[in-house]
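Shared chain: subunit A. Partners: subunit B in the first complex, subunit C in the second.
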Partner chain A sequence: MNMLNPILARLNKMPRAALITIGLFFALGTFAPWLAPQDPSTQNLLEAGLGPSAAHWLGTDHLGRDTFSRLIIAANTSLVSVGSVLGAAMTIGILLGTIAGYHRGWVDDLLMRVVDVGLSVPSLIISLAVIGIVGPGYWTMVLALALAWWPMSGRISRAVAVSIMSKPHIEALRVLGASPWRIYFGHLLPGTIGSVMVYATADAGTAALAVATLSFLGLGIQPPTPEWGQMLVDALPYLESDPRQVLLPGLALTAAVIGFNTLGESIALNRIPKPLTRRMLAIRRAEVASWSKENSDA
Partner chain B sequence: MIHFISKRLKHSLVLLFMASLVCFTLVVSAPGNVAVLIAELRGAVATPGYVEQVEEEIGLNKPLLMRYVDWLGDAVRGDFGISYRTGQDVSADLANRMLVTGTLIAGSAVIATLISLALGFLGAFWPYRLPDRVSRGLALLGASTPTFFVGALMIYAFSVTFQLLPSFGFDGPKSWILPWLTIAVLPAAVLSRVVRVGLEEAMVSPFVLTAKSKGLGRTAILFREALPNITPIFINALGTQVGLMTATAIIVEPLFAWQGVGDYFLAGVRFRDFMVVQACLLIFLTFFIVVNLIVDLAVLLTDPRIRRQWS
Partner chain C sequence: MTQAPVLKVENLQTRFKSVQRDKYVHAVDDVSIELYPGEIVGLVGESGCGKSTLGRTIVGLEKASSGRVLLDGVDLSALSGAALRDSRRALQYVFQDPYSSLNDRQTVGETIDEALVIAGTRSPEERNRRTKELLDQVGLASAVSDRHTRELSGGQRQRVAIARSLAVNPRVLICDEPVSALDLSIRAQVMNLFLRLQKDLGVACLFIAHDLALVRQAASRVYVMYLGKIVEHGPSQELYDHPSHPYSQMLLASAPEVDPRIEKNRRGPLMIGEVPSPTNPPSGCRFRTRCPLAVDDCAKALPPSRVLSPGHTAACTFAGDLHRGKRSALLQQEVSAA
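This part shows the complex of A and B:
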């Protein structure tokens, strides 16, 4: 419980609505197979395009599939793909970023130049180019998005690694004769991973959006598997007769993205040190003065 | 100043060279035998004899450096080769489509600028009051709604429900409005925050205090003192957003059945038509580099501080 307290205290400062939305997204995504009341891919053309009823809470789509179940399963699809994309992107980014931060010199220059180029080109264009070369498919999509996403975590982990490397305990380790491997794996890598993970959660919203966009374009998650972007494009031809099938997946996706964006903003704001007030300055001065007194006593 | 421009131009040329290298290596590193793929795309059975013939035809059997030089030489002269799939001239296809995408991006850049300035000023005029909170909420909503959902909502509202505007096609200004608005939502949301924050920072700077002490009103200070001060920041952010519009164009063009570069790129990706992917990618990258160059020069013109630094 003691370990949870600082985490809970930090969560308390975050916007409540965003936390609830993200919590709901995670819960739905994790337990989707048990929560969905009906099989998401069972077609029943006799019940196609129905409105909400006791049997189908949010109606059915043009093939008679239960929309409510499909929306829930789509949260699972989204969560799994976002997890694999961010996992792959962070692995590449942290590895290259820490190597650049450890080595400095020309390795650093080269990698950061690549990161600059990667960050200046829209991620959709990078991932589409990769899909165009390798050919469409689920794992191609994950690879393509990871290749478009790693520069961000690469830049952050490089900055964190540089600041860790300039700390006195690394110098002390060097003096003790620790091998580069021990410094890298024992001290640099674990220290970097933690900070980069925090930023990655803020990125999850854009990653979910990218997965949905690729699925909307027909190059991400393929039809029988429900996914919000792909459900939306599926229902688009019936926009006139059945707008609900377009609105519902769009709203679900928008809610998730808003949640992650608000959370990301508050994480970014919490990182900026606030200027000290005069009262706090006075307290700090008194504290520093008492240190010198302790030292003179000793 | 001339020193700055020449340095900046050289920088752009180096970037262009790197972009061409990226486009070339991406296609060269494609897995599988490209010649077999082309033979199959043409609907022929990929017999070894035919594959060899295809290799000879597109020059796949030459050394890499030669292929790069050949390709770059052609590309600089505006010749992007022949589409593997349709057998048509890529440059001829692109010429018309660039006009369509240009219309799309130019129009939505103007709309995004107008909306963001209006929202940003609204927030800066009544800071932390209702108008500010509304403009902030709209910005969050606009920045978080997926572009394809915005497009679907636009079609549903303006074409299906009120039947005011056509939902697809590229004929006349009336059919341009919906795609323009769809693309403009995201940049307008982001830029409105840039304007709002920039104005707030400008409003606490010493020159605004001077203007206040001269007896100028809030409106006069905002427009005459603060607005010129945020112009360089705004141009910078607008440049980034215009670059990002190429990506949203890929989503919006198929949605409204526009035959633009984004649509062409998407078709190329779908059918693995390497020549089309390569050509579109080179055009996109060139566009980013040119936009960045224009932004830097525009900032130089609007910001006397930077101009003085370089003279």
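This part shows the complex of A and C:
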């Protein structure tokens, strides 16, 4: 219990509603296959477009698939894809960022100009370009989004790495004659990963939205895998006759994105140097807005 | 001194690019110093005079723009990569701030263990034994080993930092104001620790400080630095009793007195004016802009070092007169003020 107390105290300071939403999202996403009451892919055209009932708690879609099960499985799809996108993007970003922060000089200049280019092109355009070249598919989507995402984490990693490298305890290691490998892998990388992972939480909402957007456009997760953005597209023809089909996945997605954003911002504000966070949060808010605008335009 | 110096710094120069284009800050300008085995040498001067930069350049934390650092006769500037790291290990640095010089994520044991690993101690049992021994040497109980460094007090942290430096068996310890971040009550303890270690282990120690009393107590010789240059150097007793550079005289006289009655009757502010910018140092003697004795010739050329007594030199035209007490920068100041 003593071990838990600091964690509990920290959790208490976070926005409670966001914490519950994200907790639920993680729980549903992780245990989805066991939680879904019915097979999300079983079609039954005789029961198509039905409202909530004892058999289908949240009704069925246009092919008679159980909406509740599909929503839960979609949480799993979203969790896995967001996880792999951020995982891939953070890996590239942290590696290049720490290398730039370690070496400084021309290596730093070169890598940061590459980051600048990456940041100046809207991430949706980068993703669309990659998918346009490679063709739509699950792993293409992950790759495309990771390529669009890494510059941001690269920039943050570099800032964190530079501040760690200038600390006297790293200088002390250099005076002791520690090898560059020891300094990089033993001290710089672990320190950077910790801080940048915090930022990743703040980014998860945007990534979830991006996955949904690409799936909505038919460029991301392909049917029959349930996914929120794709469920929205499927339900779009019935928007006027049966708004329930559109509202439910829309609400689920909105809750997840708002939850991640609120939680991420509260964590980031506490853990990462203030001026940097402020700038990053402003950029990310604009980013979220641009993705959702894309969604409504499409 | 018949022994060969363990550390010899020859004409060392460190400059930084200034914010202004094509200008350089000459933090350390043509400095030569020597350290003999097992002695404590003080390096004093105002803040910003380059004494920390000199220390950092010697251990390689700053890049020297010219000059040489010889350790046991080996020119470190000729080495690079692993060979440089191995040779320079005999040269250790104790940081001013014991809070940032230790990694908060590590325990005391891990901190010292890592230094031992870096120094090439393979067997874990041997490292364990050495860790205990080192902690004992700096006066810490071996139970501290499992504590995180963030749980320790400033004095304890500085002891850990010293133990870490000693782990690699240094020949020279460069201490950059090692006690000025500590509480007054802890200072004496850590100072005594330094003196004891120097006596027991025979490590030579360059003691960078602005606390003149501390240096007088600890050091056998003293270098006085002003604006990137050594202006005076000599045995500490001799230098404290007969300071022979106007700057040293004023620096020593400006140290506050313990006795309030003496303190009250002291002559007014002794140091006049600001330290000139090291980007644009004065021509000739660098102290001339603040020196009460300055004459026109001081602006023309750098005054040569004058040997006043064995081992005591000062870079001032009037050093001889000042040393014999015929003139004084302090009296001169009163005359010019009147």
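Basically, the second predicted complex is superposed on the first by the 264 of 298 C-alpha atoms of A that agree within 3 Å, B and C clash if a C-alpha of one lies under 4 Å from a C-alpha of the other, contacts with A are read in each partner's own complex, and residues count from 1 in each chain.
Everything that follows uses one rule, which is that a contact is a pair of C-beta atoms (placed from the backbone, for glycine too) under 8 Å apart; a residue touches a chain by one contact, two chains touch by 3 or more.
Keep in mind the model is a prediction, meaning the values are calculated, not measured.
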{"item": "Subunit A as common anchor, with subunit B and subunit C clashing or fitting", "value": "fit"}
{"item": "First, second, both or neither for A:229, with subunit B first and subunit C second", "value": "first"}
{"item": "Contacts of A:105 with subunit B and subunit C, given as first, second, both or neither", "value": "neither"}
{"item": "Partner chain(s) touched by A:218 [first = subunit B, second = subunit C, both, neither]", "value": "first"}
{"item": "Subunit B versus subunit C as contact partner of A:133, first or second or both or neither", "value": "first"}
{"item": "Subunit C versus subunit B, contacts on subunit A by residue", "value": "B"}
{"item": "Contacts of A:174 with subunit B and subunit C, given as first, second, both or neither", "value": "second"}
{"item": "Subunit B and subunit C, minimum CA distance [Å, superposed model]", "value": "18"}
{"item": "On subunit A, the residue positions that both subunit B and subunit C contact, one per complex", "value": "none"}
{"item": "Subunit B residues within the subunit A interface of the complex", "value": "18, 22, 26-27, 29-31, 140-141, 143-149, 152-153, 155-156, 160, 243-244, 246-247, 250-251, 254, 265-266, 268-270, 272, 274, 277, 281, 284-285, 288, 292"}
{"item": "Contact footprint of subunit A on subunit C as seen in their complex", "value": "59-61, 82, 85-86, 88-89, 91-93, 95, 97, 100-103, 105, 114-115, 118-119, 161, 164-165, 167-168"}
{"item": "In the complex, subunit A residues that touch subunit B", "value": "117, 120-125, 128-129, 131-136, 205, 209, 212-213, 216-219, 229, 232-233, 236, 239-240, 243, 246-247, 250, 253-254, 257-258, 261-262"}
{"item": "Residue ranges of subunit A touching subunit C (in the complex, touch as defined)", "value": "167-169, 171-179, 182, 186-187, 190-191"}
